[in-house]
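To start, the structure itself, in structure tokens.
Chains here go by letter, A, B, C and D, matching the order in which they are written, and residues are numbered from 1 within each.
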Amino acid sequence: MINMFKKELMHVGEMASGVKLTVPVYSYKPEQSTAPNVYIQANMHGAEVQGNAVIFQLLELLKECNIQANITLVPYANPIACNHKNGEYTLGRFDPITGVNWNRMYHFDDGIIAPFVEQHIDATEAEIQTDFEQLLLDQIEDKLDHNMWGLTTGQRIAYQLQRMAHQADLVLDLHTGPISSKHLYCPEYIKASASYFDIPHTIFIPNDFDGAMDEATFCPWWSLQQAFESHGRNFTMGKGAFAKESFTVELGTQEQIDLVVAHEDALSILSYLQYKGVIAGNNESANLPKDFLPQQMTRYACYLKDYKALYAPMGGMVDYLAEFGKPLAAGEPLARILRMDNYSSESSVDGGPLHNICLDSEVLPILHFASASVNQGTELYKVFINYFEL
Amino acid sequence: MINMFKKELMHVGEMASGVKLTVPVYSYKPEQSTAPNVYIQANMHGAEVQGNAVIFQLLELLKECNIQANITLVPYANPIACNHKNGEYTLGRFDPITGVNWNRMYHFDDGIIAPFVEQHIDATEAEIQTDFEQLLLDQIEDKLDHNMWGLTTGQRIAYQLQRMAHQADLVLDLHTGPISSKHLYCPEYIKASASYFDIPHTIFIPNDFDGAMDEATFCPWWSLQQAFESHGRNFTMGKGAFAKESFTVELGTQEQIDLVVAHEDALSILSYLQYKGVIAGNNESANLPKDFLPQQMTRYACYLKDYKALYAPMGGMVDYLAEFGKPLAAGEPLARILRMDNYSSESSVDGGPLHNICLDSEVLPILHFASASVNQGTELYKVFINYFEL
Amino acid sequence: MINMFKKELMHVGEMASGVKLTVPVYSYKPEQSTAPNVYIQANMHGAEVQGNAVIFQLLELLKECNIQANITLVPYANPIACNHKNGEYTLGRFDPITGVNWNRMYHFDDGIIAPFVEQHIDATEAEIQTDFEQLLLDQIEDKLDHNMWGLTTGQRIAYQLQRMAHQADLVLDLHTGPISSKHLYCPEYIKASASYFDIPHTIFIPNDFDGAMDEATFCPWWSLQQAFESHGRNFTMGKGAFAKESFTVELGTQEQIDLVVAHEDALSILSYLQYKGVIAGNNESANLPKDFLPQQMTRYACYLKDYKALYAPMGGMVDYLAEFGKPLAAGEPLARILRMDNYSSESSVDGGPLHNICLDSEVLPILHFASASVNQGTELYKVFINYFEL
Amino acid sequence: MINMFKKELMHVGEMASGVKLTVPVYSYKPEQSTAPNVYIQANMHGAEVQGNAVIFQLLELLKECNIQANITLVPYANPIACNHKNGEYTLGRFDPITGVNWNRMYHFDDGIIAPFVEQHIDATEAEIQTDFEQLLLDQIEDKLDHNMWGLTTGQRIAYQLQRMAHQADLVLDLHTGPISSKHLYCPEYIKASASYFDIPHTIFIPNDFDGAMDEATFCPWWSLQQAFESHGRNFTMGKGAFAKESFTVELGTQEQIDLVVAHEDALSILSYLQYKGVIAGNNESANLPKDFLPQQMTRYACYLKDYKALYAPMGGMVDYLAEFGKPLAAGEPLARILRMDNYSSESSVDGGPLHNICLDSEVLPILHFASASVNQGTELYKVFINYFEL
């Protein structure tokens, strides 16, 4: 038996020529959902395309899985970003008109928390869950509902995606870095989940809302839990009504599609979904492993405050040296910057043509800038400090 | 006698080829400063060039004025933005690599307020002024001082400008809108000053820091005044040690240089500076009016919350109809959107080819988008509601 | 009675997300075409939108005209260009991936001329007309027909438009300049037609094919006529089988929609169409003038070799001074370039802050660059020299 | 003894802010030049940075070589292109204002050939060489000399580079492909030289001038030789006065700096230079190999007409499959295009989600597009057909 995913087109915008932009939504609902519902989207940033291939492989693999909950899969989440090339590359991180990061336009107004807690201080956990989810959905509906002043282009896309995500318990937003190792943004309260992904680097993030999809789906619940706690009613984040898990999954390097690697990434996600009971495991199909289990690997993690960006101390041409995921000792060069304008056959003028870029503490390199040429102040590398094994 | 302005070059960055970017700084110091010191910059956003022409005219006019305080004038504040063309236009509002708005990278950490108030609860007003200004400068120095992780490209520029601005009492940041009337952002506590500019529209802004130059220079003092007040010590914003005034002056439409209009704008600024005592008035030169006085005009204002953006409800081609500065009745069209993809000789299909864009309350149109073609969700107009005469 | 234009959607391309790009085609065919057939398109360059509004007004006016020939109207000819914004403006002159000008991708292979003439040296004029038109269409079909190596994005659009244009006798390609007066590109052999447009400036162009729509439709016929002539058989360009007229109509300034001006431009085009017999005139509708007649105006013209571009001799901020369409004497400034980096209170350093840009012969300014800031070498103005009255 | 290269800065342009753009020129002149003079430049296209690193390694290696001729090395040939980022990548192939390819702006007016041949029909070969080189230089000087109408931004850069290149006999223009193997553009008349580079793929190009640096330096001489031949005076291209060799060296993939690979590329160039006698070989330094000799490798070549571009037959996400430099049989997929908008759990709708891109003849893949997402009509791959071993 093959699970049939339903396909729908969601209308998310209109360009100047009148062309309508749509996003395909693939969904499966078992007769009864007995496990956490799942929402997975890809390609909110235009150049970060590999998630589309992962959704392809997930759809192929899920055909023969024993699915226990609703699953919604959304590739091409942002057709404007995906279709916008300048030169040969995709200008995909921000709205080309306004500069606003497409992944900073989701909605959460923490002003809703206090009144809700007051109203529900004696409600059952089930009521809290139902009513708060409804409140979050109402907030989005209210935004999307045509108001006189309108919405920005990015909000119109983001809110429609968020409306689907709020109806799920497990949310995966598939991104990539520029040139990057695989890494995972994971809320601090569900550390255990990080080990079920085949991803060697995890950043644990706190309850700060900055407009991203993952934050927009877990921060409201975390804020709610904390507000109840301050009123003397204790729930545990990640459990019961608060069993909300959201991740930003960074699949590696942008501007690349690799269907073979996408198959591996799909297995990694299915490992997590089996752990959460969304798929039953014990597969009988010859096309599937018996169970989706995480791979053995060293998994490093750090807290968000220890995930550091290094900005180029000078303009120049960069030979990136440090390998991702390999601890780099203090004083070892991450990169060499070539400055041919300073070359001299004689002694070094203006510091000479080659400059090693070093740090004075051990780091774990995670990603680097996408181009070999940088301005002074361009983000060169992102690295873990104070990292630890999971 | 001609006042001689000193010219210095400030190094603000380096491009990939190694080319060094510099900003010219023109300054004049009288033997003794007996009035508020002045800092004026222009062209932080790349396409907003008219401020450079205004600084040109200010320099020409100030030659023969009786100057009572230090004046620093900085054209071309952001050479990266100014030099970045995509097609025929300047991509100037945000860093083309990151999308971050160049005028959202100034620094203010309100964590410095509480400790300062505690330490200075019994200090004299003069001590407070000196010490707090020094604290603000130290904060900037600390950021600029080479630290291991570096600074972004935009921070390096912004912090160097801010260091100069913190040493002044009156700060004018010269901008323009896209296609725009002249308008002024003015802190709420110095409403009277707005009437000294020859600018018909003023937005009164509260004490919220969002990274802009004007906020970065007045918010710290306002927050300080409020913190002292909550400790029972009352100062008045705009007076004594707290006589700090910062404005964003929107000179009209971007991508335009007009030296004749720039002369008028310079007179408008000199009217404000004479009002503040920075220049003495009673000029004797044949090249100057006897006094710099504001023009008679109807000046409208509103609060920031009532300065509303209208986003395009559909994609299409826009015939902008509403005139700037002329009250538009509820239901009157601001714009018509043409949708040739919906044209039909017959009855209207998909709403037909022409759509009036109306609002259900009276508004005062201030600016509109720079292009005639828009996506759904593009910012179409900005307007005042609940406006009043000054 | 209302003439009903048929609307069809032409599929011209696909973006990365799979979204299909279509172009609306409006066409009217009288029972019998007794006059030259007409093809009019607009907005091949993305920012040049006013032609869409002109097509709107043409459709409105043509409803009640007495139409004698086939008319095809194509707004939004290039949806990729029209939808591509970088910052607030449309990057519309060239493919953002390759840089190739969208109006340099039409097809003409002059290798077809010699064999055709050999084959048709004794054919009737009617046969020549029919067979050569078919040959041109076959060439395009051959290109569009899926071949193994494919077509560029721009060719796919251009060839589909050209296929329609080759079936017409009169071709109008509606463009605009950057900031510009109205002007007309007109083949040298149909000078008389230029006076039927309400356009004060005309450039007469020779038989050189450089990839533009107008050239792609008249150059093949001109080359054919010349080849016959060299074989001793004389036809007159603009007459009989060779009655082909193509114009690039520059409607003024880009990035603007003005429906009132578009109505005037539509009347101007109808004046030309009535002159050519496409519409009968002697209108009875109250919505139309009795006849579409050209306005009285001074019409200046020059040859293409005398339509000169002036490139900026330095980088800087430009105050454009010269008015369009007004003869400017030798030595009078077209523009002033402001260089605030060279300002000095003292004598002029590096030439000082203001530079007049002059020419040593009389010129007629036609258009200037769209932005007030230029690099050294940016096209500043385009002007007529050696111009004359029509 | 260390050869000292002289460094000079060449002023090539000015940006809007007034910043002056310079290009560093490194040159060495032995007491007497007894071998062909050499000109090597890099980075005319902004993203193609690896040539700068190759020039660095050449400078390091040439320090201890026995140099027999003038050598001029120019990294960062085009600072505008190199400094222009849109998003994280360099928009470097064309002027961002006009779209014109930076490597299509060099000068050659073939109108100079006929008069020169007439005048020199009886001149000595040495006179021909001297006078024609001077004529080429005069042509450039004339263009650069300030004329009333000015030059475009790109011409100003190109002509200054070309002036240096015309004074050399061997010209190497260092480029890269998008994602690419190493390959070489080589004039047909000097096939033997191609085997001295460690580059496995060569394209032999004819005498067609299209504005590129290599063409601009060899086409004039080739045209001259052919014109003399048609007047009955025979010279051999590549010999005597006509010993001019120009190459475009494609070093691999753009947006990358690798100093180790650059060292290999420098050795490859030195192998060619030793073959031409520019460096003497028989090196004594411990830092150098005794001789610079070409590596053993299979070198494939084809003629320019057989260097084919394949354009994407549909929009979508591309998994590039074909390896560079490995013959691919007819019918084998070069790439798979993923179309998630066409996914269906059922049978294939719209052709389904995966499309193999195949050709019906054997090809040698050389390079592919830089991004994984393409529009219909984007250049997907470039391949050799009808290729042969050198």
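One rule holds in what follows: a contact is a pair of C-beta atoms (placed from the backbone, for glycine too) under 8 Å apart; a residue touches a chain by one contact, two chains touch by 3 or more.
It should be emphasised that the depicted structure is a prediction, and the values quoted were computed from it without experimental measurement.
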Completion exercise
Note: chains that touch chain A and chain B both are C, D
Fill in the blank from the handout: Higher number of C-beta pairs in contact (B-D or C-D) found for C-D
Fill in the blank from the handout: Distance between the CA centroids of chain B and chain C (whole Å) is 41
Handout entry: chain B and chain D, separation of their C-alpha mean positions in angstrom
Key = 48
Completion exercise
Taking each chain's centre as the mean of its CA atoms, chain C sits from chain D at a distance in Å of 36
Practice task
Check each residue of chain C and list the ones that touch at least two other chains.
Solution key: 15-19, 76, 82-83, 85-88, 90-91, 93, 97, 317, 340-341, 373, 375
Exercise for the section: Note which residues of chain C are touching chain D in the complex, please. Expected result: 13-19, 80, 86, 93-95, 97-101, 146, 148-156, 308-317, 339-342, 359-360, 373-379
Practice task
Using the touch rule from the top, collect the residues of chain C that touch chain A in their complex.
Solution key: 15-19, 21-22, 76, 79, 82-88, 90-91, 96-97
Exercise for the section: Sort out for me which residues of chain B touch chain C in the complex. Expected result: 2-5, 7, 24, 26, 46-47, 49-50, 52-53, 55-56, 59, 63, 75-76, 82-83, 85-93, 178, 255-259, 317-319, 336, 338, 340-341, 343-346, 353-354, 369-373, 375
